[in-house]
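When the chains are written out, they are named A, B, C and D in that same order, and each has its own residue count from 1.
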Amino acid sequence: MGILGATGTVGQRLVAMLEGHPQLVVTAVAASDRSQGKTFGEACVWRLPGNVPSALRALQVRPPEPPLDCDIVLSSLPADTAGPVEAQFAAAGYPVISNSSSHRMDDDVPLLIPEVNAGHLAMIARRSGRGFIVTNPNCSTIMIALALAPLQSRFGVEAGVVTTMQAISGAGYPGVASLDITDNVVPYIASEEEKIERETLKILGRVDGGGARGRPAEFPLSELGLHTAPLCPILVRDEPDRPQPRLDRDAGGGMSITIGRIARDRVLSHRFVALSHNTIRGAAGAAILNAELLAAEGYLSGMINEQ
Amino acid sequence: MGILGATGTVGQRLVAMLEGHPQLVVTAVAASDRSQGKTFGEACVWRLPGNVPSALRALQVRPPEPPLDCDIVLSSLPADTAGPVEAQFAAAGYPVISNSSSHRMDDDVPLLIPEVNAGHLAMIARRSGRGFIVTNPNCSTIMIALALAPLQSRFGVEAGVVTTMQAISGAGYPGVASLDITDNVVPYIASEEEKIERETLKILGRVDGGGARGRPAEFPLSELGLHTAPLCPILVRDEPDRPQPRLDRDAGGGMSITIGRIARDRVLSHRFVALSHNTIRGAAGAAILNAELLAAEGYLSGMINEQ
Amino acid sequence: MGILGATGTVGQRLVAMLEGHPQLVVTAVAASDRSQGKTFGEACVWRLPGNVPSALRALQVRPPEPPLDCDIVLSSLPADTAGPVEAQFAAAGYPVISNSSSHRMDDDVPLLIPEVNAGHLAMIARRSGRGFIVTNPNCSTIMIALALAPLQSRFGVEAGVVTTMQAISGAGYPGVASLDITDNVVPYIASEEEKIERETLKILGRVDGGGARGRPAEFPLSELGLHTAPLCPILVRDEPDRPQPRLDRDAGGGMSITIGRIARDRVLSHRFVALSHNTIRGAAGAAILNAELLAAEGYLSGMINEQ
Amino acid sequence: MGILGATGTVGQRLVAMLEGHPQLVVTAVAASDRSQGKTFGEACVWRLPGNVPSALRALQVRPPEPPLDCDIVLSSLPADTAGPVEAQFAAAGYPVISNSSSHRMDDDVPLLIPEVNAGHLAMIARRSGRGFIVTNPNCSTIMIALALAPLQSRFGVEAGVVTTMQAISGAGYPGVASLDITDNVVPYIASEEEKIERETLKILGRVDGGGARGRPAEFPLSELGLHTAPLCPILVRDEPDRPQPRLDRDAGGGMSITIGRIARDRVLSHRFVALSHNTIRGAAGAAILNAELLAAEGYLSGMINEQ
């Protein structure tokens, strides 16, 4: 498995989560110009607790272009370069599992949350010699879609009003200047509202011709034994003051979302508060879970690097 | 003018804002048992920048009960003691201007925001020898009602969905433990949602029999020359990333609210972000502005202490 | 093992660290009046991520007085009650391992950091039918003494100037009000400077008559296989911007301290920056490590609850 | 007066402090390439509360090179460009008052704190047709030198050990990434320790041949009526928990430093805590006060723009 954008915030989180993964082994790391020619240990200013995983320290950082010494690629490239690079890898035969926004709305690209719309895998057009792209949604959208999916499935959801309070990690590194956010709230993230609207609709939609598996929440995910899948994707708490980020973000290894304060609402029938880990369920863990689902469903057959 | 609860968070803010006020002079301070028998300078652990106003340093702290050496009282007592104490002062003939929640929903107590519902002063039953109570709303409600009033007046407002992000100052002192709020969000303040719902309805409602002045936003407030009234109670900003607390909370001396991100909304027709200073417009400044309106409208005639 | 003060900040950390401990099993929890008569699950407002360990949820909270259903007690009682209660337990035959400051300077009470002054165990006067008290130092002192011990042992340390920057967790719960510490630094913790001075001197001192083991850093701790002991108690980093709390506090499971920025100093020959986890190495983990040392050295023989 | 680097953090603070200044009027603003050709209102992303001063909004941003439509220049250019630009302005006849570090250690450049070493103005070699450079120290050094000056003057200071806790504003904009500083302490600012050492020595030193005025703290500053000079440059507080940034940084309009916790120290005879406002006393206010001193002492004669 190769990581595109391995030195970035989400890239580091991918690398950390894949350390010791029973199935997915990092064999290549690629990043922008500045890092190339260095080892990963030299190129990477590690910003997570602990150190760069020792197995990757001596790996040479490669340019983000095929061929790369791997069978599949995980991409956390910044939005301004991800588009053509990911298309190039797919054209060269690699399955591309991406956290970037560039291809999320493409017709043949599933916007995938395994617990919600695994059936959307049917959107992948499998052609000989060609790879494909699978994306995970925007960090906020993942939580929103996870929370709405069972409501949509059982009751139908007509409309929702959402206010997000987002972790600074969502902006990557260096992201938001500390002078701008200390003692402050910034009510704007470029394109965020648009992403949330259109991505949620795509995820909760049905794939035409996608067959029987194309309904949310009917996919028997738990039988697949995916390594990163939480025991319980949605935790509901009864205490009036939960969820709280400090107490709940790491639930299920950062892959469970927590719901609380469910109440009747005079305007929109019901309201609730949902919380999820921004860089695990909302980014790196989402991409890895997608890779695991693809592997379990046979989309990576003969492609997973064995060690 | 006497301050009840003068040593608390809002009490200190009242004292600071009244320093040098052209009309309202603090002549008495009252607080709970622990402070009594001390001077205000001794009793008060000053938590605002600067020092206790020198004119008040030697004032004896009195028990919160009539008689008090003043003609009117401003109350920032905690909710658990405000109810009977304020009623006692009113019964003893004092006009009571309160920031506490105890009497806000009483039938003969205006829940007053001068720019919004000055006409609600008609709710005061003026009887010889008796005082009265005027309250200001909850800190969130003041901003919500200020923002909705012109919309209500011109277009009518059927329903709204509100998410608040509140400053820790709203909980008073000591309020929220730092261990509970650092690196965290707490999605619950006891009774807050109920207060916002019922107080907003009372403020934006019409006083039956209140006559021609009982409509929001028609009162010629600017002609009254109230000292604490901002030039512009509602500022609208066009930048996509405003309002921001650090940049906008002190607008109009902390008495203007700032609106931004006005946009069409697919679910509820329009949406926007509003911001106001929690302890000035939302508490101390609100009470002082109410006192100024009462004075200007003749409700304190012969009662204001002249110096 | 019984936990005194089990519902407090350090008590909860003790309970969390002891979950699944191979040797030390919690059989009793005691706390102040308010919690008694409730189960631990009811009495404890859990402030750590996750939930109250399920094995303890139904345990009845007992008053902090002997007899208690355990062989040894870990005490994280607040300073105002710890003194007599711990003495009472010791008198009743219990070994008492305390994080409280009350008995730290007592003549027959070791102020113990296993890696530094294990030889001080010789201070314990073992008398038939009587227990004893062993304490760990103040959170800042543990780090200072750990950092100085090898310097003292090899070069001798004449004097040091220390500035501490302390986590808010050091004040317990509710501790510091958020209004006091947000956007602020408070340059004072009552008695902290005095504790650091006198405790460091006691820890780095030699026990008269304590024999050959009474020298710091000569005790073969690693051979004892203590469960909570970190592989490396002192990590030294070369990067100019380390240690940093976010990156380094969890090193060694929170039990390693990290040193950086070692440099020659014009005034005091050398200077450096040291960092440790405030509630693990500085409190709960320190007490548990002391318990493990006592067990390994035979001081708890026949006392450890076996399961 | 022209401002070099007017759109930066310190530049904006300069502009804000000079609004309504009785003597110093901004007539020109210069900044780096990106801003040129725009008005100051267009070029400047205003990061202070309120808005760009209206008088400057339509001013064209100029390149930072002479000639500039002003008699003197205030420079807050970043260190990487300040050196040659400031030299160029001085060579062209402008008095340059700089907050940048480039020329601080030059032989003919006073490193000036008016209350401490006004006599160092004697270092300026006044030659016909030529300007000169006057600098203010690093933000930490200003506070340290202000605190030490009276001790040096009365008792002599042999040595000191200093630990600084610095506001994020010291790094300019965008400065420190929020991901790096949230829930964290970074123990390193490049060159900071070296600057503090060498600048403090220069400030507290005597100018050879500088004559009778070359002693710290003997200059009758208060008689000069400098607009930005605080009534009391050093405030001493007795409370054990002061100074605190939130309560004390704005003392004297941000130009007073506050000292507390003065105590005997076993190692270095005495210790204390000092606090000052990082961007006012430590940067913009320091430069403006220097300009006012130069004006009062006749160094800008015929140069101040009168309006």
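One rule holds for everything that comes next: a contact is a pair of C-beta atoms (placed from the backbone, for glycine too) under 8 Å apart; a residue touches a chain by one contact, two chains touch by 3 or more.
This is a predicted model, so every value here is computed, not measured.
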| item | value |
| --- | --- |
| Pair joined by the larger number of C-beta contacts - A-C, A-D | A-D |
| Euclidean distance of C-alpha centroids - chain A vs chain D, Å | 48 |
| Distance from chain B to chain A - Cα centre to Cα centre, in angstrom | 46 |
| Centroid spacing, where centroids are CA-atom means, of chain A and chain C in whole angstrom | 41 |
| Residues of chain A engaged with two or more neighbouring chains | 47, 182-183, 246-247 |
| Topology of the chain contact graph, where touching chains are joined (line, ring, star, complete, other) | complete |
| Residue numbers on chain B that touch chain A, as the complex places them | 159-161, 163, 165, 182-188, 197, 240-247, 260-261, 265-268, 271, 273 |
| Contact footprint of chain B on chain C as seen in their complex | 9, 47, 168-169, 173-182 |
| Contacting residues of chain C [partner chain A, same complex] | 47-50, 182-183, 246-251 |
